[in-house]
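Each of the next two complexes has subunit A plus one more chain, namely subunit B in the first and subunit C in the second.
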Partner chain A sequence: MRDKTKVKLKRTVTGYVFLLPVIIGLALFTVLPLVKSFYYSFTEYNNITPPINVGLQNYKDMWSQMFFTKSVINTFVYAFISVPLGLFCSFFLALGLNAKLKGIKVFRALFYLPVILPAVASGILITDLFSYTYGIYNRIFMALGLGRFAFFTSEKTAMLSLIVYSLWGMGSSMLIWLAGFKSVSDTYYEVAKIEGGGPVWTLLHVTVPMTTPTIFYNLIMGIINSLQVFTPVYVITSGGPNGSTSTLAYMIYTFGMSYRKMGLASAMAWFLFVIIMALTLFVYKTNKWVYYEGGKD
Partner chain B sequence: MKRFKRIAVFLAAVVLVLSFAACDGGGGLFGRPNRKNVFRVGISENTEEHAMMQSLIAGFKKANTDVTIDFSVESYSGNYSDKLVSQASSGELPDLFFTLDSLVGYFASTKITVDLGDYFTQYGFSDDLIYPEVAEVGKVGDEIHMLGREYSQVVLYYNKAIFDDAGESYPSESWTWDDMISAAGKIAKLDSDGTVLRAGLDMRLNWPVTMLQYFEGKGGTLFNENGTAGQINDKARAAYTELRDMTKSGAILDTFGNTGLSFTGSNVGMYFGVRADAPVINKSLASWDVVHVPDMETNVVALGASGYSVSALGQHKDLAVRFLFYIMSAEGQTILARSGNVVPALKSLADSNEWKDYPKAGINQNAFLQETGVKKVFPISTYMSKPQNAGMLTDALNKQVTSPILSSSGAISASDWSSYETALTNAMK
Partner chain C sequence: MTSSVKRRRRIFAATVYAILIVGAAIFCFPIFMLLSRSLMTTVESTVVPAKFFPSVLQWHNYVDIFKAVGTLEGTSYWWLWFKNTAVLEVMVIAGTVLSSVWVAYGFTRIKFPGRNFVFAVVMGTMMIPSTVTMIPLYTIFSDLNWLNTLHPLIWPMWCGGGAVNIFLVVQFLRTLPRELNESARIDGANEFKIFFRIVLPAAVPILTAVGVGAFVGVWNDLVNPLLYLNTKDMWTLALGVSTLNVNVGEIGGIPYVFAACTIFSLPPIVLFTFAQKYFIESVVMSGIKG
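The block that comes next holds the complex of A and B.
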């Protein structure tokens, strides 16, 4: 009995020794900054001189800051449109690329290519392509007699353009969809065929239900990523015109780094964290529609 | 199996130690890196800046043979201000670093830069040796936190090819503001749908210093005298409306419009720039020249400056100060001048060909020199009661005032003007 306990203890210790580098890494680079930012959110802090306690003032003041309310709305608009749009488009793209055709792998690679391009580089590229005066798209529109489209230069169209641009990175979701499709056993499709199910019926009654874990994963990741959207805003629009594309993550960066108001930025970051946490929990709690072939565990 | 486990545990322990070591710069497990043998200089990522600094270091070492320490030049790409702030907040500011006027207030308020005024007597330096405007931009109250390396006033660059194409005569020193605007309107080219294909002048509407110059010249104000609240007076309101109309006609480039038009891209005829722009313009345009900014109702010229500051936290403070005063000496200033980027801050070098032959001879170099009898407009931070909020005020001015006004049409209501003032006030708090 004693030997058994000793062996168990030894195994546990060995396990923790292996885990220790990760635990320490997480503690130093995730938990500690998290705790510190929570503390800073109750202080006035300029990154250098010691923080001054201001209680809940930052949580109150952030609402009166330039474009903050607008940024909250923009963040939700962006997330609520770009996530379903991304899911829908990447699903059908993956469906098309799942076809057993010669050379299909080349197309898969091509559609995945934007994901491996640095976000800043693609942002600059997009800025040029969509330029109001000399952008290639507006040149085409002009040649077709359609007139110019404002894209990122007008308050009315900038957010829409940003949402459409979010599809640029749908290659990563597409890859997960493809993996999901591959995991569905051919038996189901054969049965559907024998029963006389057409392609749409099979899609709705076999493919979609069997890939609900993939939908669930893509949905959760989509919500988290879209609520934290930063790089395209920073590179392409800088939050403009007139704050129409400003998002919470962009506000956090601007207040923390450009204005050196780290207390306010931390309060905004915690506000964003609460939103993401709440939405993620909500999606988790309502996941009865997800079908796990081998059971949930 | 037992042996394998032992090896595995040992390897895990090694990984752990290496993880700690990786977080460390070499000064003990959690200690700060030892920088006793390295003198760090921070500059912005730029080929010309790098070359300039290397020449300065070589010159300094030649003149000071007792200095044997290694110099390490660290250049930061991207947003230089943000990089400096990150360095400052982690206590890693280089011993000496290139500074922008907009950051001087922040550094002074956080006491991380040295008051250079304390060293003037020791190094035989005085404000009288440099242009008073240059001395001004480095000051915060009675303290000096940056020594401006150059005299950098806003000038009017012009592209001769565009003027030739438009059949207009080149700008001259006798031009008034109205002459310039009239020529800008004639240079502008619009598409059938009213899109500006070629603009007359890039006034750089997102640069507060040129905006302040414009409003000051028109007799307008943007904020009160104390620098605590937005105050857009009637003249400034009229000037704003005029500016909006000029951007619509293409006379002035709408900087916020993502138009893809630029002076160096040869689709803008004139440009408000400073001396530091000259090398890039020289590389981009075949034929260009420069004149003073034409006179407005009030004759004004805007000034900005960059220079160097010394970190109060650095390990080589004395050496940094010594090197800085070398940069400000005639020898150091001459090295800077030869880059073509800089008009030396030393008044004694005003007529020197060391800078007047760069980036090319034969241009109107006097346009870069100090004008007398003209009101000087300084960077926005110098007008604020809290200069550390300069970045926020700049964004408020650009994003909450100028950009919405430029995209508006018709008369601007009193409540809109009031909201613009509130935006400026909030940013100055």
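The block that comes next holds the complex of A and C.
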């Protein structure tokens, strides 16, 4: 009996030795920053002088900051259009790339190539190719008689350009679809064939329903990630022109890091956090197959 | 009958090929332009309307760019940026790979109270936007005197390498037969021996995927270097390249910037060619990045 508790204790200690790195990491790089960030959001703070308590002022003031409301709208527009649109387009791309044809792997690699290109390089490249004067795309559009566009440098087209640019990276969602198609057991397709289902019928009644859970999860995770879009905004447009591509993450960076208004920026960050938490809760409420499920064995 | 089926098949294949070729051409056109414009003269790159091809391939752009960013006490900034990136790569890959499997071992192979709770909390952190922790992390690293050093980019990755990687390795370890542990325990091996002798070697496939993901993550990361690395000598390649566009004039024109972008893009592309399987695994498992 005593031996048993001793073994148990030893096992628990060993267990925590293995979990130690992640526990330290959680405490230092997640919990502590969360608490600090929440506290900062009620203060005026610049990382030099001590924080001054201002209550809810930041949560009020942020709405009157230039481009803030615009940024909130932009963030939503970007995330809720680019992610579903990307998943939708890449579905058809993946269907084509799922065909059992010679050389299909080469095509998969070609469509995936833009994803591998580092965001910094691809941002610089795209800025140049879509330039009003020197851009190759304007040469093509002019030749087609479509006229010349300012793309990223016009308030009217900048956000649209950013969304189209995000589609260039749809290779990653294509891979997710392909993996989803593969996970559908062949028996379903055989049954569909025996039942006399054509390719379109099989697609709608077998492939789509069978892959929906994975895709729905990816849709929500994709939106959550896109709500934090920063790098393309920073590299390509710097939030401009006139705030037309400014996003929440870009605002938080600008206010927190450039202007050193860390309290105000923290309030903005918590605003974003609440939105993301609401979305996440929505996922858990509607689905029981999310990651936690695997935690019990 | 069979010939009509065959014909229909051939038409189907031809249609798919045609669509894919057009699509791939559209998708790869910008990359073609990256190469093309990197080989132009500066004057050519500013011609209106823009040119598709350089008239003479200016290969020397790829040499000249190495002299274009200036030096610090005789050492090129390129070399300094490369060195910083290399140090980061080694330290982050090592930290991510080792600590993720170490932690995952605790989550899967040993049963003890509190284990599932910690796992749930770790998975929950996936939902915390990095923008929320950005500012306090900055102040914490500032208090530690870690600003303008590589420490803020390295040590957090030694704490399990992030929820996604922990999850990936945990899922993998669950597929390993439990008997491996049991028989080793009967032979008198303790958990640490089992970890190093049995589980670590068995986890190499998933750890390769995690390592490839970590490599690309560091290589492409702009946000963290931007936050923590202030002086030019401490920058990474990604941060250095991102500034070229701002000083196009100083650099000598777009062709030089594009030559740098091409060289900078090569390592991930080469890695992808050789480790496609692992690369794809890490993408499919971790989902779409924003």
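Throughout what follows, the second predicted complex is superposed on the first by the 276 of 297 C-alpha atoms of A that agree within 3 Å, B and C clash if a C-alpha of one lies under 4 Å from a C-alpha of the other, contacts with A are read in each partner's own complex, and residues count from 1 in each chain.
The rule we apply is simple: contacts are C-beta pairs under 8 Å (C-beta built on N, C-alpha and C of every residue); 3 or more make two chains touch, one makes a residue touch a chain.
Worth saying up front: this structure is predicted, and the values here are computed from it rather than measured.
Novice: Under the superposition described at the top, does placing subunit B and subunit C together on subunit A give a clash or a fit?
Specialist: Overlaying the two structures gives a clash between subunit B and subunit C.
Novice: In the three-chain superposition, say which chain, subunit B or subunit C, touches more residues of subunit A.
Specialist: More residues of subunit A are touched by C.
Novice: Answer with first, second, both or neither: which of subunit B and subunit C does A:Ile24 touch in the superposed model?
Specialist: So A:Ile24 meets both subunit B and subunit C here.
Novice: One more residue to check, A:Tyr134. First (subunit B), second (subunit C), both or neither?
Specialist: The answer is both, since A:Tyr134 touches subunit B and subunit C.
Novice: With both complexes overlaid on chain A, does A:Ser258 touch subunit B (first), subunit C (second), both or neither?
Specialist: first
Novice: Check whether A:Leu248 is in contact with subunit B, with subunit C, with both or with neither, and answer first, second, both or neither.
Specialist: Only subunit C is touched by A:Leu248; subunit B is not.
Novice: Which of the two partners, first being subunit B and second being subunit C, lies in contact with A:Thr49: first, second, both, or neither?
Specialist: first
Novice: Go through the superposed model and pick first if A:Asn74 touches only subunit B, second if only subunit C, both, or neither.
Specialist: Neither partner.
Novice: Figure out whether A:Ser64 sits in contact with subunit B (first) or subunit C (second), or with both, or with neither.
Specialist: A:Ser64 contacts subunit B only, not subunit C.
Novice: Pick one for A:Asn98: touches subunit B only (first), subunit C only (second), both, or neither.
Specialist: Neither: A:Asn98 stays clear of subunit B and subunit C.
Novice: In the superposed arrangement, which partner chain does A:Gly147 touch: subunit B (first), subunit C (second), both, or neither?
Specialist: After superposition on chain A, A:Gly147 lies in contact with subunit B alone.
Novice: Intersection of subunit A residues contacting subunit B with those contacting subunit C?
Specialist: 14, 17-18, 21, 24-25, 28, 47, 127-128, 133-135, 142, 257
Novice: Spell out the residues on subunit B that touch subunit A in their complex, using ranges where they run on.
Specialist: Within the complex, subunit B contacts subunit A at residues 5, 8-9, 12-13, 15-16, 19-20, 23, 79, 81-82, 85-86, 88-89, 106, 109-112, 191, 193, 195-197, 256-261, 388-389, 391-392, 395-396, 399-400, 403-404, 407, 423, 426-427.
Novice: Which of the residues in subunit A come into contact with subunit B in the complex?
Specialist: So the residues of subunit A touching subunit B come out as 14, 17-18, 20-21, 24-25, 28, 46-49, 64-67, 127-128, 131-135, 142, 147-148, 152-155, 239-243, 254, 257-261.
Novice: Looking at the complex, which residues from subunit C come into contact with subunit A?
Specialist: 13, 16-17, 19-20, 23-24, 27-28, 30-31, 33-34, 37, 45-50, 52, 99, 102-103, 105-107, 110-116, 118-123, 125-140, 142, 156, 158-160, 166-167, 170-171, 174, 190-192, 195, 216, 219-220, 222-223, 226-227, 238, 241-242, 244-245, 254, 257-258, 261-262, 264-265, 268-269, 272-273, 276, 280, 283-284, 287-290
Novice: Help me check something: in the complex, which residues belonging to subunit A touch subunit C?
Specialist: Residues 8, 11-12, 14-19, 21-26, 28-30, 32-34, 36-37, 40, 47, 79, 83, 86, 93, 96-97, 99, 101, 107, 109-129, 133-136, 138-139, 142, 168, 171-173, 175-176, 179, 217-218, 221-222, 224-231, 234-235, 248-249, 252-253, 256-257, 262, 265-266, 269-270, 272-273, 276-277, 280, 291-292, 294-297.
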